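Chains here go by letter, A, B, C and D, matching the order in which they are written, and residues are numbered from 1 within each.
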Amino acid sequence: MNVGRRKALQGTGGAAVLGLAMAAGLFRPGTAWAADWNKAAFDTKSLNDAVKAMGGAGAAESKDITITSPDIAENGAVVPFTIASKVPNTAAIAILVEKNPNILAANFDIPQGTEPWVNTRVKMGQTSNVIALVKTADGKFHYASKEVKVTLGGCGG
Amino acid sequence: MKNTKIIVLAAAVAVAAGCASMTQRDDAALNAKALELMKASFREQGIAKLDRLIQDDVQRLCSEYSGDKTLPKDVAERIEKAEQATIKYPADGKYLGDWKNGERIAQTGVGMQFSDTAGAAAGGNCYACHELTKQELAFGTIGPSLYNFGKIRGYTPDMQKYAFGKVYNSEAYSACSNMPRFGHNKILTEQQIKDVVALLMDPDSPVNK
Amino acid sequence: MADPMKIRANMVGDKVEVKVLMSHEMETGQRKDAKGATIPAWFIQNVTATHNGKTVLSAEWGPAVAKNPFLSFRFAGGKPGDKVAITWTDNKGDKRTDEATIAA
Amino acid sequence: MRRIVPAIFMAAAAAAFAQQSNTVQEIEKYRAALGDGNPAELWEARGEAIWKEKRGPKNASLEQCDLGLGAGVVKGAYTVLPKYFKDSDKVEDLESRLVTCMVTLQGFTPEQAKKDPFGGPGKKVAMDALVAYITAESRGMKMSVAATHPKEIEAYELGRKMFFFRGGPHDFACATCHGVDNQRIRLQDLPNLTKQEDARKAYTSWPAYRVSQGEVRSFQWRLYDCFRQQRFPELEFVSPASIALTMYLAKNSNGGTFNAPSIKR
């Protein structure tokens, strides 16, 4: 990952404007897009805004959520995460990368009978806090976070 | 399976024996053949023309004295002397540029590849081989650690001049060094080398923190 | 048409562990090509996994999910021989469903 | 100057050690986490389908291609390559041999067969899928490149010369990075390819899914991109020099257990 790529990831003027418009209530989340894809949430830049876009008021830090990942990623294009939740009645698990252009990477709905446990891989534009956000069946949000360092690799060219 | 092993072993012996009995003339013929093979197998692309396969004395001698062959002392001295004479020190006598630019140059590995555009500023890619600062964890170990470079050696004008010369033409100080001759081969400009020297020698540089 | 997924489903204790690899560019919409033009976003938005017609996982993804995505999860109630089906849909409306049999 | 330097660096290196070993551990964790679920499997599946598909002017599959162990034998074939082939009177590596078979069996012109050697964003090519499939069929088997035919021996010797050849604006040779033990470029370990143990470990881990590119990369690509970063001109796909160098590296890895396609940074 070189400097050019970092810049490219930051160049999100248009999306930022759209995000603001949405925050101001000009667009209703999820209208002109696939009904089951929460565009508003995927456009947010902060944990608070993401939680709001997902229908919550705020999120409380929780020790019942574990994020398993290396502390250092050899390449930001693929960073593996396993999220496990012991929060009672976990109904959804989301992965957020604080310093990505848009914070929300993925959201998993966990029906009853499915373990509150997912393993997937996300892109990270740079070293960042990664947040695991858990939504419970009664609509409350909990989170845990950890920093993952993204390094440069190889011959650098 | 057993058969295969015997064949492999026989081949190894044959190759080893071939090396041992190889005369200097055979070796020169093999060098020539390898060069022919390469000329037929590489094609010019973008800024990388086929003349890059033509070796200068340093490249030729250092290729020859590699692998099992060690570099004779007199050859090393010859190379160092000749390369020393190529170093062009700054006309203004100033060796220190901006360490912040130096850090960027140290981080960047682009430049002079066939995928790069002509005239675009190249990097020095120092971190590929050297530790420089405590902030950058991803550093290589092909070259020695340069952390606290100036702090350890003293921030003297002589040391500044040495650092400039070493980056300009490493072969002048250590024949057949793996380090590119950044100034001599016009990879970095004089100003860029000054910036790298500042990264190493400026007391405010993170290298010396 | 998109390439098939690679799905593995195995019993781990009394649960089924599913591992899926999908073939997809997952283009962010933030990258530029050699000529400086922005490469449009192209990524999987929805993933649904079903077992005997019941949804066992559904996901919404953004472009920050890695290229050629990998996903693993575990659910209860499955047994060897049962089928697990996975469907993804991307932002261009492309869609693909594949199936795997749960191994012992 | 050169002589006083090491003592000073030793002290700095010792101080850096604690932090460094932690970094290396975390990178190991990263690699381990990716090991389970290698997208190269997607290429292997596609490659097997292409191997069996009737293609080209002769509308034939590649199933009768002799990869070195006889017509149609895929299992273990990669462990004996590169190899001299009588029919083409050439030493060939896997990619070169596939080109030969695409020409003789399927009726493609050599230019057509060589046209798309490597995949890229949005561009899927047959070659790297075939390579992924065929190499995967050698997983777990020991490398055993013969190098007994005079042309094989010559290729090995020429490959060795290439390995130590310094050139270009940066004075780089393969040996610059791959001729010494226990070195790293950035955080990546550099195998010493002149030594059997390292050569085994390195050669048997290609092809690989490169997460930085999202592609399966063949050994031909590995050499092509090494020379790009060495600042050499462009190494032509399946060129004699590329095969000679592959011969040198493959033979040095003899006895190593093949374990690819792997997954790398």
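Going forward, contacts are C-beta pairs under 8 Å (C-beta built on N, C-alpha and C of every residue); 3 or more make two chains touch, one makes a residue touch a chain.
Every value quoted in this text rests on a predicted model; they were computed, and no experiment measured them.
The chain pair with more C-beta contacts between its two chains, of B-D and C-D, is B-D.
Centre-to-centre separation between chain B and chain D, using Cα means, comes to 24 Å.
Mean C-alpha positions place chain C and chain D at a centre distance of 30 Å. Centre-to-centre, using mean CA coordinates, chain B is 46 Å away from chain C.
Residue positions 72, 77-80, 121, 151-153, 155-157 of chain A are each in touch with at least two other chains.
The multi-chain contact residues of chain C, meaning those touching 2 or more other chains, are 66-67, 70, 72. Across the assembly, chain D contributes residues 23, 185-187, 211, 214, 228-229 that each touch 2 or more other chains. All chain pairs that count as touching, in label order, are A-B, A-C, A-D, B-D, C-D. Against chain B, in their complex, chain A makes its touches with residues 2-3, 72, 149, 151-153, 155-157.
Within the complex, the chain B residues that touch chain D are 4-5, 7-8, 10-11, 14-15, 18, 30-31, 33-35, 37-38, 40-45, 48-50, 52-55, 58-59, 62-63, 66-67, 112-115, 127-129, 131, 134, 137-142, 144-145, 147-148, 152-153, 162, 171, 173-174, 178, 180-181, 185-187. Within the complex formed with chain C, the residues of chain A that make contact are 5, 8-9, 11-12, 34, 36-38, 41-42, 77-80, 97, 100-102, 104-111, 113-115, 117-123.
Within the complex formed with chain A, the chain C residues making contact are 15, 26, 28, 30-32, 45-46, 54-67, 69-77, 89, 91. Residues 23, 26-27, 29-31, 33-34, 185-188, 211-214, 228-229, 265 of chain D are the ones that touch chain A when the two sit in their complex.
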